[in-house]
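Look at the two complexes coming up: chain A is in both, with chain B in one and chain C in the other.
After this line comes the complex of A and B, so read on.
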């Protein structure tokens, strides 16, 4: 087998850095616009903001310690991107693990790409921790101490009832545990995969099935719990049993689209001769099928809350649908994440041609970013949320950083497993 | 060229030739019914008869024969309905979804699983029909017929009506899919048969001629039906879950219900396939076709879906507490520690804890353990539905309306009737229809059963 390695060329690095600089520039412009235009915006939104503050107070909240809204907006964006890219990195490891436990044959030459995503996990963990330590009071209503003072002016009975789960020490401990165990599993899987290159024993493959099963068990619990922590607890009063699987579905399809896009890019740059249109077809099917899966979860959650029409639950969608600020995104997400991939990837030919994948995958990736935007922003920014250069710029910075980490780690090891027992099967894969 | 990795275990053992496959499977249709079959059939018909009495009395005297009361207006009837519909998921899952994931091991079990699906769905459909009280008027009530037919227009807002559409569509597609697959095999039997059975199997095979063109049409229709069946299999249990989740009853209204019901359905469906296949395998000596590997893989699916269901149970419990809604909190407190705590404990033990035993290779490759656990799982899944339905209803909003549910002999009898029907139908299928897809099994015989010496395989590679 080939010893081919991905060459993270200077020109590619330059392109990424330029994109990163553009991202920084957009971020700065966006920030300046928000800071300077803030007066206008606040004036125009003044009435609504006041209305909302009153509402918050009537809920017994009153935790809005008037931090400047541009700062909250930066924090909210940090949180969106952190949760989003953590998910993509995690899905990379999850995808590899699934391939092992399912004893999949077709994917043997492409597994190093999702595997490389895992290198983002330690960075994501540190960023998440730092963002939380700095910004928790701005992002998470429940972190305000006065909510728990019985008889106090801001006492909130419902939030106080959640204290056993939503308290800073336990929350931070959970965050540290998720990231450490994810990372340890990732390193363990990676170690075995690379060891297989050297001695060629099928023992590594067998061992990896066991390790992957262990990771999946932990992932099954931690993906739901982290969604409760990082997404659900933002809208502290609201609850939905589906949210854990909803976040997972969004993460998963984003991860699949990212994997596909990077493989298409590598293929077009002349790498991965083992990968042909049959493998692309499979990847396309994954993106297609899990776009539908996400929609299924979305509809189930929305329809049940809509149908029962219980105020405690429907408030989540009311905040989004009855707002000029967020309603457009609500519909755009459905078009980008369901209708477009569903129609564009419907036929067999579409899934087998890079042209289609190169159009659909970015749309899905952006669409799910917007999905996370809509999960986080209304709860943190209320009606003052915005979408502009600031959001685009910060997402670009994160995206570039993520790609930089992934591609540099990809360049360190052979691009294709040398002694994978399924390699021969995969090369002759035909569907 | 198809290459199979050396780490894969063969799917069909015993060095079978194509002729062996035809023989092994057709012989069961051609031979005289065995003693075991006769005994099994007698037991099933007995259940059908005893249950039939309970059903007849229920239809004659009305559903007051059941133990339902004003508070618990839904109990065994809908529990049995959901249980049977859930079991009816495995067939299409195996045929359609495992087909999409190219799991070739499904070929040994898909025929019987699809047959099981069809019988289970018929059993399920009986409960809402009987619950109508006057089932002969059921068409007017359940189908969207204009008012001139003497009934009111159906309520399109009701998930119960969506059930009618979802289940009837699913049933139709499953039936066509199953029958389509049978046609080439009927032709094989026809070609070997003499006399009356040649005529009967000739008619059943629709004059199949085995021409390349015929196979091409067969394959494209199979693919279309598999594509249709995949969303259908998900839709059925999703809508069954809507029956509960669209309401505002604490314990029923929860957003995780749709995917969690689907996972539970696959879980119980696979367990039932396991129960049936272990018996069939033994009686028909199909050990080379349904190998320990097949059993192991099915057990792994049971373990995975059981764990998904477990995550959902824990999510529900957590969210009931987290929500701070006292009605939800009470509903779950009552489930776990109220008068029906034993039902909840049974459900947890059978559905979440017992499948974890399959982590041990010894247990998941043991035939006895698989058989016992497959039944344990289905007991657990029956209790799951009972817990959801009865414990949420029996503590009404007003304590003066609180009640318990006590099943009558007629509740049990009608349930027994469905068992009688299910097994009678399955045993008839197993006797007169080929229980394994002969044509499909032959397609995996060559590549998977031959373990060629390495040198020979390499030489072949070079030649190609």
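After this line comes the complex of A and C, so read on.
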């Protein structure tokens, strides 16, 4: 086995930077359009926005900064991308962990790619913390102090009742704990994996099974809790027991599609000679299966709320379905995240051919971004939310930054774990 | 199963010998009727030149049938024959999803198992030909159909012996 490393070439860096600059340009154009009144968009929603402002004023919005919806829109977008890319980074570590716990052989030569995702975690943590400190009052209704003043004009009994969990110090502490423990586990897993390269002892592999099991236990709890914190608490009055799974499912599919896409790219650039169509088949199966899993969770959440038709539950879907702004996206994500990958990746040949994976994975990745857009925007922006160059530009900037971090850390260590005890098995992988 | 009544059976002890024997026998222009093994031998289907099974296509068809059946059944029952409004919902709605999902899975699964049993001659009323009982124990058995092969019986016996068979037995069915 070789010590071949990924060469993060200057031309690739240049391409990424150009994409990033295009993203910045789109963001600025989008921002200018929104600030100038956004043309007809703002006008048509002006009346509704005014209505919402009145509603907010009468109903506990005492601390609202009022006006500047473009600022809220930037904050909401920062939040969407933060949560989304945190998830992708986290799924990278989680994927490596499940491979070790399952003692999987097939994935031996590809584990370094998802592992590299973890390097985004510290950046995501800092971004998340800063965004929250700056934007919490614009994004999270429950952060307003006067909601908790009993007898006050804005007193909200329901939100006040959640104070034991939803309060700023505990919230921030949880955020710090999630990120630090995720990051520590990631460093620990990485340390053992790299130590294996040096001395070739199978002891590392055995130890990694234990570490990974520990990470999965923490991840099981923290992925759900972070979904409550970061997504569910936006719609403070609403509740869904499904949201933890829902966010996890969305993250997992995105992560798997990203892993697959980067492996396909590396393979086409001449790296990873050990990876053949059998490995791609397995990755394709992952994307296929967890697209169905996401849909299963989606239906489980939607169907029960639809059937029971309890106002405090169905309001979440009302906000989305009864809105010209969000209703199209509501149906589009079902096509992008279920029907398309389900039909396109159904056959064995499709999963084994690079061409299909290169079409399906980007659709799924974009579809789940839209999914997060739909989770965050209606709750934070109400009807004033929009989708334009601002959203596209911001997502591009985040995507480029993420790829930059992942690829440059990928270039630092050999691509394939040469002393992995299952490497030989993986090379002969045949399904 | 189609085919003649006169067979020659090559008995093999080892799966690697068996696989190379399959290659040699096919290389000599002899058509192999079937190979029976006590356990799945990895790569045997490839050396035998079998095409991939079309079972997934059957599974898709049955699954699709289940989807259509579930939707028409619920649509007919709840919207046409005896319209029922439950909880103020539309007749045809997202509430159809669970039944549709279950029937799709059920028909795909049952259909696939049924197809498999019929195709591999294991339907309940089938009388499978038992070539050599030891193929369920510790021997691999290669069956060559004498009626379908133009090569002479002696020649086949010679090739089988050369390819590493521990014994070569004739077998006749009524």
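Assume the second predicted complex is superposed on the first by the 411 of 431 C-alpha atoms of A that agree within 3 Å, B and C clash if a C-alpha of one lies under 4 Å from a C-alpha of the other, contacts with A are read in each partner's own complex, and residues count from 1 in each chain.
Following the convention adopted for this analysis, a contact is a pair of C-beta atoms (placed from the backbone, for glycine too) under 8 Å apart; a residue touches a chain by one contact, two chains touch by 3 or more.
Just so it is clear, the model here is predicted, and its values are computed rather than measured.
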Practice task
Overlay done on chain A, so just call it for chain B and chain C: clash or fit.
Solution key: clash
Practice task
In the overlay, answer first, second, both or neither for which of chain B and chain C A:419 touches.
Solution key: neither
Problem - Contacts of A:346 with chain B and chain C, given as first, second, both or neither - result: second
Exercise for the section: Would you sort A:276 into first (chain B), second (chain C), both or neither based on which partner it touches? Expected result: neither
Practice task
In the overlay, answer first, second, both or neither for which of chain B and chain C A:136 touches.
Solution key: neither
Exercise for the section: Quick one: classify A:408 as touching chain B (first), chain C (second), both or neither. Expected result: neither
Exercise for the section: Kindly classify A:239 by the partners it touches after superposition: chain B alone (first), chain C alone (second), both, or neither? Expected result: first
Exercise for the section: Please indicate which partner A:307 is in contact with in the superposed arrangement: first for chain B, second for chain C, both, or neither. Expected result: both
Exercise for the section: In the three-chain superposition, say which chain, chain B or chain C, touches more residues of chain A. Expected result: B
Problem - Stretch of chain B, among 207-215, 333-341 or 405-413, that runs into chain C once the two complexes are superposed - result: 207-215
Practice task
Return the residues of chain A at which the contacts from chain B and from chain C coincide.
Solution key: 303, 307, 430
Completion exercise
The chain A residues in contact with chain C across the complex are 299, 302-303, 306-307, 309, 346-348, 430
Exercise for the section: Going by the contact rule at the top, pick out the chain A residues touching chain B in the complex. Expected result: 102-103, 105, 157-158, 161-162, 165, 202, 205-206, 217, 220-221, 224, 228, 237, 239-245, 285, 289, 292, 296-297, 300-301, 303-305, 307-308, 310, 312, 421-422, 424-425, 427-428, 430-431
Exercise for the section: Write out the stretch or stretches of chain C touching chain A in their complex. Expected result: 42-43, 52, 56, 60, 87-89, 93-95, 97-98
Problem - Touching residues on chain B, where the partner in the complex is chain A - result: 1-8, 100-102, 231, 234, 238, 242, 245-248, 253-259, 307-308, 311-312, 315-316, 318-319, 322-325
